[in-house]
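The block underneath contains the structure these notes are about, expressed in structure tokens.
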């Protein structure tokens, strides 16, 4: 029963990821006074891509073809261990943040390889940029996670959420810093403005898009879907760790329903924040990305320091 | 896990303390003068809120006066004065190139760790967890100094100086619930006079070296040129 | 008791009054009158304290014992003689067109403001107020350093402002910690910052907090003393400000900052019960002493030369207070007096000398003794005195410091001797040609009132020959207060 629930949760996760992307698009369009596409437009896009025949360049090796599968499957695996609407699921035992970051790293590794595989200039450039960004973002992410772990005494997501739930509302300086740091990392890792712009194909500014420029059809669809799941993953991580209230602690239908409702509202609100920031900020030059990420690292580090300095009785 | 035992007001004090140190870091990384002054004003306002909260938590009404004093002086008067000066002197378009802000920031975190280390024996004395913030206040003082060291603009030096004062005031609030009223008024008076004098000095410096870049104040030297 | 209030009210009234006097000649004379009134008040106070013992005001805000009353008298005295010098000197500067009437008004107003701050530092019983007054002294003098508005003087004033401001901020942190330590003992009271209360409960103050607090206090007030490596502002401020300013900065401000440190040390010693604070002071003092002695050699500006000499002597005093034995304390107190008197006399003479030569550059000032013997002799005798030659008082006090060092730290004596030797050489290699060199063309005598110099040097000479009984008694009492024992 519980395993079934875990499976259902994962399915729900990957199924609703395009919806979140649609909602984000809608928010942005509203803010920019444009007419928004339907909420379900991302599904239609995916379906369209799925139907098209993938064109593969001649020099492509097996890595190029395997990469989309690997990227999608690691992302789905990552999604399966993050508590979405309920904690204490059987998957919680492997729901470790370090594992999560490992999944991401694995997917990114293959994507970067695929970018270089064909040997075009853009692919290589995109891969090198992506690796630069991730090399700077990962320490910040880990630092934020460790800050969290110091309070909750665990890196297990489910346990950490339980801990936050049980201590009630505590204004922890370290959580505020860790949350801000994590948000910045999320922006960088999911390739949003101001680090990267997912809607542009301007060669000088592309990061993520440069890597996947050679993909088409089904392969492109998988990668797009994976990145939508990734966006949602970060969103779920932020809202469920720092504001876990509402998440189901038992498996009764009411609790689960309430959990789903709460999550929807929280995610919708977070997306509005993200949309706002995307509208307000311009994309920064690639050379300033390291400043952005070092600031994220600084925030996470301050979070850890403020935990040590402020929150513990000496 | 001591923070969970506190009331929300006390937690808020801790939170505000950490935000104050964050504003210090933001100042370190800010190259535009007007924004620098703005962040300084935010720091002053946060400080005033913290003081008011402390007054409420500790039930010491005279801290309300201190909070009001801080708000008017550090949150409103000095920032507005600096802002006017920056605008009048046409400095708002100047951008100071900061040599490697990331390194300065990391140096700043080093200072935070250092002040924690220095203050540890003090913190251990008292069961009050709010006393932990004394390390933060010392860090604000040291970060103010770091700001002064890394900048060349006289205005930035003044902001650094005033933020050192902020740190000291914060230390007084968290460790001893504020100084006696006489002393506090005296300090406020000194700060006010210092702020006005700084304003006067900007004009002197500008008329003598035609800019506010204090690196150009280099006539007095031990070594003969 | 009334004398204390008078002492604070007179400079306050002087400040308000002088801010309205437009005629600068008259303002100079009024300044002298206010300072002589202060001197009278301080002497009255001194007699009171000597006869009746320490005075604590009703509100407990003011406290006078034999340690500070003697410094108050010294402050008032040097303030008066410098004001006698400053009237004609500033008038001459005005004739040269270096300052205008408005700035002279500022000058005289702030002169009284500075004196007020100094008296407040000395008389207050509240460590917080002491800090406020010390910062007030900076604020009062910072515009005086830049009085001439030359780029150099503005730079010196800016340095002075920033360095002293940041430095003294550390002292405030130390004061906060002091207050914190006191509150641990007897709850939240308004009295927890009062020196008398702190001193009474010194043994129950937490040693850990106190030792951290002392580091901050020493660094903070040490900036004001001009201890190396926090001394950078001092030569600049002394050399670029008007000469009377240099005289009172050197003769008074440095002393009073040292006074603040010693007061703090008394508290810390009571709490720690060991020699940690003393060791810190000895280290800083010795470093300042040696570094300043070396720096004397490479100076090209005559006022900078003597400001380094001030650093050197302040270092020596800090060192002596750091030793802490009755003899050393006695020597330090004695040296405070002789140094203040000699150094202010020297600065007055140097002021005339630079007016005479129309420059402060050492290589341009030559042949004073032939152009105007009184200035030449004044400078020569002053230098002999400050270098520590017998029969002047500085010799006696330095000798006492040496004796005390030999008694407690014999292995440090050679360092002191070498330092004194280097300083002596550094002073004389510059002063000898100034006094005896060839007279440059067109150098003529100026109007100079050498009376204050004569009085100061006369007293220093007398102190070198004999310490009058009342003064000796005074020093003894102060020594007893600080070190807990009588010297012999």
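Going in written order, the chains are labelled A, B and C, and every chain counts its residues from 1.
The criterion applied here is as follows: a contact is a pair of C-beta atoms (placed from the backbone, for glycine too) under 8 Å apart; a residue touches a chain by one contact, two chains touch by 3 or more.
None of these values were measured; they are calculated from a predicted model.
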| item | value |
| --- | --- |
| Chain occupying the middle, per Cα centroid | B |
| Chain separated most widely from subunit B, comparing mean CA positions | A |
| CA centroid of subunit A to CA centroid of subunit B, Å | 37 |
| Interchain centroid distance [CA atoms averaged], subunit B/subunit C, Å | 31 |
| Separation of mean Cα positions, subunit C and subunit A [Å, integer] | 66 |
| Multi-chain contact residues (two or more partners), subunit B | none |
| Subunit B partner contacts - residues on subunit C that touch it in the complex | 61, 126, 128-129, 131-133, 135-136, 139, 142-143, 146, 149-152, 154-159, 161-162, 165-166, 169-170, 172-173, 175-177, 179-180, 183-184, 188, 190, 192-193, 206, 208-209, 212, 236, 239-240, 295, 298, 300 |
| Residues of subunit B touching subunit A in the complex | 1-4, 8, 11-12, 14-15, 17-19, 21-22, 25, 29, 101-102, 105-106, 109, 112-113, 116, 120, 123-124, 127, 129, 132-133, 135-136 |
| Complex contact set, residues of subunit A against subunit B | 151, 167, 169-174, 176-177, 290-291, 294-295, 298-299, 301-302, 305-306, 308-314 |
| Interface residues, subunit B side, partner subunit C - complex | 60, 118-119, 121-122, 125-126, 138, 141, 145, 148, 154, 157, 161, 164-165, 168, 171-172, 175-177, 179-180, 182-183, 186-187, 189-190, 193-194, 197-198, 200-201, 204-205, 207-209, 214, 217-220, 222, 224 |
